[in-house]
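Order of writing sets the chain letters: A, B, C and D. Residues in each chain are counted from 1.
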Amino acid sequence: MQPQLSSGSSGKASHSKINKTSLSRDLRFVWERSKKFLTPLVAIALALGIGAVLMYLNGYSPLRAYSTLWWGAFGNLRNISEVLVKATPLMFTGLAMAVAFRASIWNMGAEGQFFVGAIATTWVGIHLGYLPPWILIPLEMAAGIMAGALAGMLAGYLKVRFNANEVVTTIMINYLIIIGTNYLVTGPMKEVTQDSFPQSALISANAFLPRIVPTTRLNIGFLIAIVLSIIMYLLIFKTSFGYALRATGINPEAARFARMDTKKIALLVMALSGGLAGLGGSIEIAGLAHRLFSNVSPGYGWDGIAVSLLVNNNPLGVMFSGILFGALRSGSEIMQINAGIPSVLNSAIQGIVILSVIAFGAYRFISNKKEGKE
Amino acid sequence: MEDIQWIVGLQGILVATIRLATPLIFSGIGLVIAEQAGVVNIGLEGIMLLGAFTGWTIGFYSGSLILGLAAVIIVGLISGLIFALFTVTIRANQIVVGVAFNMLGIGLSGFLYRTLFGREIGLLKLESFQSIEIPFLSNLPFIGKILFQQNILVYSSFVFCLLAIYVLYHTAAGLAIRSVGEHPRAADTMGINVFLVRYLCVLMSGVGAALGGAFLSIAYTNIFVENIVSGRGYITLAIVAFGRWKPVGTLIGALIFGLFYAIQLNLQSLRGIVIPYHVFQALPYFMTILALLSMRGRAIRPKALGKPYEPSA
Amino acid sequence: MLLSMEKINKIFPGNVVATNNVSLEVRQGEIHCLLGENGAGKTVLMNILYGMYQPDSGQIYYKGQPISIHSPKDSIENRIGMVHQHFMLVETLTVAENIILGQWKPWKNLKEMEKVHERIKNLGEEYGLFVNPNALIRELSVGEQQRVEILKALYRGTDLLILDEPTSVLTPQETVQLLNLLRGLADKGLTIIFITHKFEEVFQVSDRVTVLRDGQLVGTTDTAQTTFGELAKWMVGREVFMDLDRSKSNSKEVVLSVRGLQATDERGLLAVKDVSFDVHANEIVGIAGVSGNGQTELALGLAGLIEIKYDRLELCGQELKKITAKNLDRIGFGHIPEDRQGMGLILPFSVAENFILGEYNSEPYSHYGFLQNRQIINHAQLLVNKFSVRVSNVKEEITNLSGGNQQKVVVARELNRNPNFLLVNQPTRGIDIGATEFVYQQILKQRDAGSAVLLISTDLEEVFKLSDRVLVMFEGQIIGEVPPDREQIFKVGLMMAGKQVEEELA
Amino acid sequence: SSPATSAAGDQPTAGAAKPFKVGLLTTGPVNDKGYNQQGYEGLQRIKNELGAEISNVELEDNPSLYEKAIRDYASQGYDLIMAHGKQFQDAANTVAPDFPDTIISVTSSSVAKDNVIGVALDIPQSFYVLGVIAGSMADKVGMIGGQEIPSIQGSFTGFMNGARSVNPDVEFSVVYLGGFTDVAGAKEAALSMVASQGVEFLLPNANIASQGVYQACAEANVLCIGVFGNQTDFAPKNIVVNYASDFGVALNILAKQVKDGTVVRGKPIVLGLEAQGVAAYLYNENANVPVPESARKAVDEAKQKLINKEVDPSAPVTP
């Protein structure tokens, strides 16, 4: 009995391999489908589990925490609507990421693009406030989209023209935009009342987004997000542009071989991505804040990355992961009132969610060698 | 009289430059090592926060900064280990894992700080590293104060940089690292363990980041504050790209960034200046972008950077 | 018996059977040729010996001992060296650095490089392998790079040296040099396994030869005992040089006319210098040449994938100022690219999706910008049947297809557009004999249907089998044209090495 | 380390014997040794002195969160919701009508409307006094602020007026950090002021980041003021005076009124120096250079002038 070449079991391994491949041919589709939905769920469960351990170790009662979290998120109509209110901006930044990541463009600038969207909308909402809502609202949103798209295209242009790594440029542009916002609200756009906070004036009431449930803050912005999720899904998976976008993302060489203008696509993708984030900022202002502050976004841009990745950059999935993260954010405040648990914890939980999703290998798309081509 | 004042001012700026650059040097050099081996770690911000928290907390409880540092290094290693596990072994996308790390770092450091030190206690301080005057050198006319009257971590950041240069460009290990970042398969055929090399390099970036963070909480100042890193992790990414993935370039990048930051603080404090201070605040970020463009992207970035290595079946 | 590999099995994902119970025996001090068509399993078998791949089953005995090789580290320790088909050199490092890579203790200081340079020089003199130890790899020619690969092995000290298709990138003189070198090494007691496609080389240099076909061992024999014809039969399983029935080309209508074309490679060096030629309708023009003489750049240039300069270029009677996706589409252009997986296919996409690459944006597959799934699937089904691609379901990811079937998909897609001008580059690389024959027939069909075909291949047999005219490319220039009759093959072989050879011989 | 909450039930409807419930909302950590901690200490006072059932929420500094946070409290039957910061004004006004029985206080706001009641200290006044000390001890004075928000701008204005009143040719320099978390940045700002501007006396007002300034003063050995609480042990030799403004007092007054139902709706509570115990100035006798007698006199005079409205601490000044 001589020693085996590779590890002793390799002989068996080879057989099982053959069987597996033939068997999987039949089962593959079934498996793929169920896996898609199961993985995120398991991942979330795991993340909450780890969160519970953290709480327990630090002397909090996880049970109490999560029950309040649940109640705080879905306990009554208002809480539910608040979850959706919080989900709205996350869905926009999430969509922005989904589009970019599908094309393997690492747009880290959703935060800044969200800000410029908010700025543009505020400006329109204040200076063109006399216009009737049915003109003003589309107009202010268009402004937000334009602003975000331009911010996105700037990084896109630097990428295709100077081949400047978009991860770096978008992050730097974020800083510039946020500092710029600070300047605007302490200077040019500052409300002109005595002892006022660094904030713009209120936008005209004509610019306010109609609310869906009058007694809550839930506004049509949420519906727009839902509709856009569906549109983006169709765009990416059902149109020829989406085909080109995904092809470029996976294998630029082949894309160029197929006579796709990869540079143009990169620019368009950055514009689209930025536009979505910008619209998010726009709706944050028109639907909720009604005026510009130095910190319109508490990091929605960054959360968007998680929102999108959790569902393998699938726009339809973004609806759900957006609501999930919305619930985490919204519920965690009640959790703080009633269980005294610092809200910073949910940032940690979000991080763990991403990692456990990876650990469960949800997206070969992102994580395997095909992507490595870029 | 006026020009004396002027020279003193300049000296002040340069002293500040060094201090502001130190955390960036730590995290930057660590990142260079990882990226030379082909791994991008954008999770620095998170790891720096964990480092700042650990160093301060352990230092506070044990009363010993050395223990604090030891703990920081351990945390850096653990972070690096987990990062490598995900990016090298599981081969997940490196950007994604980095983002997760940032969220984790912010959340965890904040949460633990709150639960350990509650709210009533308010904030505590511990004795931080004091600056050490290097005999003779520290008395040199102009530069003495700038270079040789800093604290131990400042000096060690430069040592860290020198070590990196030595290892990367003067040892066989350096050859291995660079080949792994450039053409992992070729390295593999030469009997180099690609995974091992990448693990070790990522560990280095973890340690560098953790130390960079700790510098803020136990050397530069003596307290931990939530989000004390305030974006320095992201700046590091830019600086390394600016430094063309080389230790020296990164060192220069960090110093330039520190210089601009020091300058902006000074310009702000000038009396009767009309330009809004935001312009100065924006300066460092703006310069980073310009620097990046000036390289026309044909920067010599490791070919396999960001690409997981798939050993043949 | 220095080495014996027993019953080696290797199956790749997607049921690609690379080697099937292959056994190989190599004697101490011999030069052992490994012969076989593309995709026969030669590289895989050797990669297994070198520890790059792990076999699913099988055993290796080396110097009488059963050994297990889990990684190149193990094979290196066993003094086994390999020169890979695709060079394994780090371009940003110097020759010397590449040679000692992984050999030194991690903390050893690079100052001691001086000694290495010395030894490299000595080795160079001993074996006539001259390279500047200080040169960066990216500054070296292909031939020089190969010398470095061999030096790597010699420097480490090697008893068994494997060379995978070393001559496919060499000029005939370089080949002669190499073969002499190998002889010398063998006489010094080194054992050599030598993979090639070229029979002459087998007879020139080898002691024994083993033939693989479709991943299976056909047989091993003393080179002296066998003949050209027998080996050929073993290799392809039947009479070689399948004479494709073909009518004479008789078209005068020029489809592609190029004058003074220039192109640079990614390093910015001039790779194609002032090339001019015509391709007529209903004609196949073959471009023969050793790889790395500008064919790749020429092809990419004509496909509009890299910037090129030219004095004048006419496609289908239209003068083009610039080659763009648009005017290629308008003219009807088909392209079978050199690098199937890197360029021709998108591996994570389904077979069906891959079939519309390049037409994804045009009717009927896209209607008002929306993909028409039914049309796409039907289209795929149609082509899969018509070109007999082996695939269970066109919705399946194309990664799971064998190299040959992947190539069939590309060919089917490009020919189906029935282009006026068809650019074909290395159409049968890495695909098995069946597929190869099929591809040949398809290309001929296309030509008979009136297309102008430009065929680029490093495989002389292929060029001569298919072409109506043969152009020979050398160092970025077309240095001659010959009719495709077998008598010319030798002459072409010389031309491929550049004119100076003729002069030397004359 | 136990979370600072009492047994507030998970369900919004409170128990039978209705407890007096007070909630605090801040836009940052309540351990910031600054503005937010002031509010939190007030809350503790209310718990201890009025036996109230308390809880607090730290929000991200993001306005679109405020309305919900206030509602969360109101809908859980809280009697007094203390929104700690002017930035809550909009949100408070929006929510108030839906919960008429709940009193919502907005700190640093001098306006009131029905059950929304502003609770403010006269910031410029109290910093005017600090300015007097600075002006009489130094000719080059520096100020380091977190962001350009009213409470901080106002404090600087008052401070500069005070300094000028005793030392006409005193020079000022101001740096805004653009945030409240970068301790290192704050320290560097202070050090560079000293190094390049020759500043001799520093006033921080950047919540937690102020810590960096105290440290800088200790290292560069320049004088400074400890704001919002006793900061002496962060720079024992350099802090000459601590300013402890106590919102706690003001909030306590309001809470008391709410508890016994004597609260006057629609009337803001603005406390100046005249009110007892809202603004305390603790001299540090162990400082390298203790505040000289002359200066202390000047301080008392200034206080009188301010109380009698003889000087306007908010008058525009140029640095």
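Annotations for the structure displayed:
Methods note: a contact is a pair of C-beta atoms (placed from the backbone, for glycine too) under 8 Å apart; a residue touches a chain by one contact, two chains touch by 3 or more.
Please read all numbers here as calculations on a predicted model, not as lab measurements.
More contacting C-beta pairs link the chains of B-D than the other of the two pairs B-D and B-C.
Spacing of chain B relative to chain D, judged by their CA centroids, is 35 angstrom.
Chain B and chain C, compared by their mean Cα positions, are separated by 46 Å. Separating the CA-averaged centres of chain A and chain B is a span of 28 Å.
In whole angstrom, the spacing between the mean C-alpha positions of chain C and chain D is 76. Looking at chain C, one finds that residues 13, 54 touch two or more other chains.
For chain A, residues that reach two or more other chains under the stated contact definition are 58-60, 179, 182, 186, 342.
Contact with two or more other chains is made by residues 1-2, 4, 178 of chain D. Contact between chains, using the touch rule, shows up for A-B, A-C, A-D, B-C, B-D. Residues of chain D touching chain B in their complex: 1-2, 4, 29-33, 37, 40, 44, 142, 171-176, 178-179, 181-185, 187-189, 191-199, 208-209, 211-212, 215, 234, 318-319. Residues 54, 58-60, 106, 108, 158, 162-165, 167-169, 171-173, 175-176, 179-180, 182-183, 186-187, 302, 305-306, 309, 342, 344-352, 354-355, 358-359, 361, 366-369, 371-372, 374 of chain A are the ones that touch chain B when the two sit in their complex. Interface residues of chain B facing chain D in the complex, by the touch rule stated above, are 5, 8-9, 11-13, 15-16, 19-20, 23, 114-123, 125, 216, 220-223, 225-228, 230, 261-262, 265-266, 268-272, 277-278, 281.
Looking at the complex, you find that chain B touches chain C at residues 169-176, 178-179, 182-183, 185-193, 300, 312-313. Those residues of chain C that touch chain B in the complex are listed here as 12-13, 47, 50, 52-54, 71-73, 76-77, 82, 84, 88-93, 97-98, 100-111, 152.
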